[in-house]
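Got a structure here, written out as structure tokens. Questions coming.
Labels run A, B, C, D, E and F following the written order; every chain starts at residue 1.
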Amino acid sequence: MEKNILFMFMRAPFGSIYYTEGLRAVVGMMSGLDEHKVTCVYMGDGAFYTLKGSDKSESAGYIKTIADISESHYYVDRESLAQRGIAESDIDDMFEVISRDDVSKLISDNDVVYDF
Amino acid sequence: MANINFLLTEGPFQTEKWSTAAQIAGAALKKGHEVTFFCYLDGIYNGLSTQEFAEWEKVPGDYFKELVDNGAEIVCCGICVNARGQQSGKFFSEGIKVGGIPDWAAFVGRADRVITL
Amino acid sequence: MALYLINLPFAGVGLDMAKRDGDAKVVLIEDGVYADVSGLDNVYAVKEDVERRGVANRVGGAKIIDYDELVDLIVDNKVVNFA
Amino acid sequence: MEKNILFMFMRAPFGSIYYTEGLRAVVGMMSGLDEHKVTCVYMGDGAFYTLKGSDKSESAGYIKTIADISESHYYVDRESLAQRGIAESDIDDMFEVISRDDVSKLISDNDVVYDF
Amino acid sequence: MALYLINLPFAGVGLDMAKRDGDAKVVLIEDGVYADVSGLDNVYAVKEDVERRGVANRVGGAKIIDYDELVDLIVDNKVVNFA
Amino acid sequence: MANINFLLTEGPFQTEKWSTAAQIAGAALKKGHEVTFFCYLDGIYNGLSTQEFAEWEKVPGDYFKELVDNGAEIVCCGICVNARGQQSGKFFSEGIKVGGIPDWAAFVGRADRVITL
């Protein structure tokens, strides 16, 4: 059965491999027979991934595949950025900054909520 | 009765997650729920049948073998298995399968609840 | 109703998200039982994790549950994973 | 060559196995031909190990062996306790509470400094 | 002279210990390059880790070093591990 | 010239520590320093010669094999090896040894510097 799935990316790149293996998982989730719909949100130390200069070469293939399959959103939590002193002008265009209340709404709107 | 899928991304011994997962899953099976596991990243090491640790009566692998014997379906990510040098799971316990993310996506499709550990 | 499954590394964000959810139940697992849950209602903590760590007096008003009760909570509520 | 070694236990028990495998390492370090001298200090989330009720059954064997080999000290950083709301009356007698400046002195007095 | 090798999980305690050591040099490695090192002198950061994370503007006055230079620092100073 | 001992407690892929350790050790060997490793806990998985990951030109195991070829001495904790189901290291790269904490204690005795990763 098709589900709406929220992936919350919580860990700092690149100390662990979750940042890219999580996106591999997103591709797989969207490609299955069930055609799950996936939304990504970066929170906590995961917010560091949204920095403009953060090396996205290893995950670029997944991001392109995800875009080819269907529209998908990449959000980042405003509060996580602020706590880490990251200015909104310092993050990549592909990420949309949202409030923590918006994240709360994403959590309640999705059927499945993964931390990654 | 419910269907519960576990995503397990950490290996045995190093952290406690294998144990928490095995205990929740064991309790769920006893209550008659369906249990599936997708072992991803280091989670795949839990599939091994070759663990030997004299200080413990049972090794982590025993718990996962038991879950399979009690009806759980356990699939390990094949890319992760081979990346981590575990040779297509040739030393995995009987009944623990090697598959791919599509298997996980299908588990999630069937699941009423999803747990990440 | 949503059940927030909380371990220590993501407790900061996880507990804050639970506070924003009027219907939240919180379950502390593993090192999550060390987290400060003041200001939260409907908190549960896994017995085995609490006892092993000797923190029964720290989890305050949390209801102590075993794995059987945790499974019931999981089945009865949507799970939000911060573990 | 015999060395003075400081083990800083930094991780919360029992989420990872470092709390007990670190003590296994201490035993091994003291038992070798070089007869290294070992000191242990609990800091950060490692301070939770010092709680009276914290289950020490898995590490009791190591602690006894360490005591049999030679005198060894188990310190805990006062500031780490305070940050976690742990009262000094709530910790086991085997641990001696010291200030962070004392920890700094331990760091400079030892030849080798491990985090565990 | 002591060289404090700092990664992110232990940066809080590690950087505080470095501040108490008048002779401290600090090397940020891996996710340690995300740490806030304001108020510290003699800070180094591993080039590969800084570049991959795009944080050259965040490590402020840190001297960017490659692995060859890191080895020289390790050989010339006692190492205090918070990594 | 100095003698540097590395304590490596995490495995390949999951975290970056194997890579940092291999790069510091490689640079140290090139400068003529002596390098020893004690692989403890999950660190022992770095000894495997059977890793296969097509997306990377070299797998973590290749780097550790290279360190040995360039003169590093690498010992993995035998209790950890068997606990983690790696069968006395039968699939470890040639030259990577299985030993015990006494080997590590001896490394530390000879070391001018000690690095934990």
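In the analysis below, a contact is a pair of C-beta atoms (placed from the backbone, for glycine too) under 8 Å apart; a residue touches a chain by one contact, two chains touch by 3 or more.
Model, not experiment: these values are computed from the prediction.
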*Identify the chains in contact with subunit C as well as subunit D, in label order.*
B
*Which chains make contact with subunit A and with subunit D at once?*
B, C, E, F
_More contacts between chains, D-F or D-E_ = D-F
*Specify the chain most distant from subunit F by Cα centroid.*
C
*asked:* Could you classify the subunit B-subunit F contact as same or different, where same means more than half of all interface residue numbers appear on both copies?
replied: same
*Could you state the distance in Å from the CA-based centre of subunit E to that of subunit F?*
23
*Between subunit B and subunit F, what's the gap in Å when you average each chain's C-alpha atoms?*
28
*Among the residues of subunit E, which ones contact at least 2 other chains?*
30, 78-79, 81, 83
*At least two other chains touched by the same residue of subunit A: list those residues.*
14-15, 17, 113-115
*Considering subunit F alone, which of its residues make contact with at least two other chains?*
13-14, 16, 41, 114, 116
*What chain-chain pairs meet the touch criterion?*
A-B, A-C, A-E, A-F, B-C, B-D, B-F, C-D, D-E, D-F, E-F
*Residues of subunit D touching subunit C in the complex*: 12-15, 45, 48, 51-55, 84-85
*What residues on subunit A touch subunit B, complex-wise?*
1-3, 5, 17-18, 21, 24-25, 27-29, 31-34, 36, 112-116
*Over in the complex, which subunit D residues touch subunit E? Could you list them?*
8, 10, 43-44, 77, 80, 100-101, 103-104, 107-108, 111, 113-115
*In the complex, subunit B residues that touch subunit A*: 7, 9, 40-41, 100-102, 104-106, 108-111, 114, 116
_Interfacial residue positions of subunit F with respect to subunit E in the complex_ = 2, 4, 16-17, 20, 23-24, 26-28, 30-31, 33, 112-117
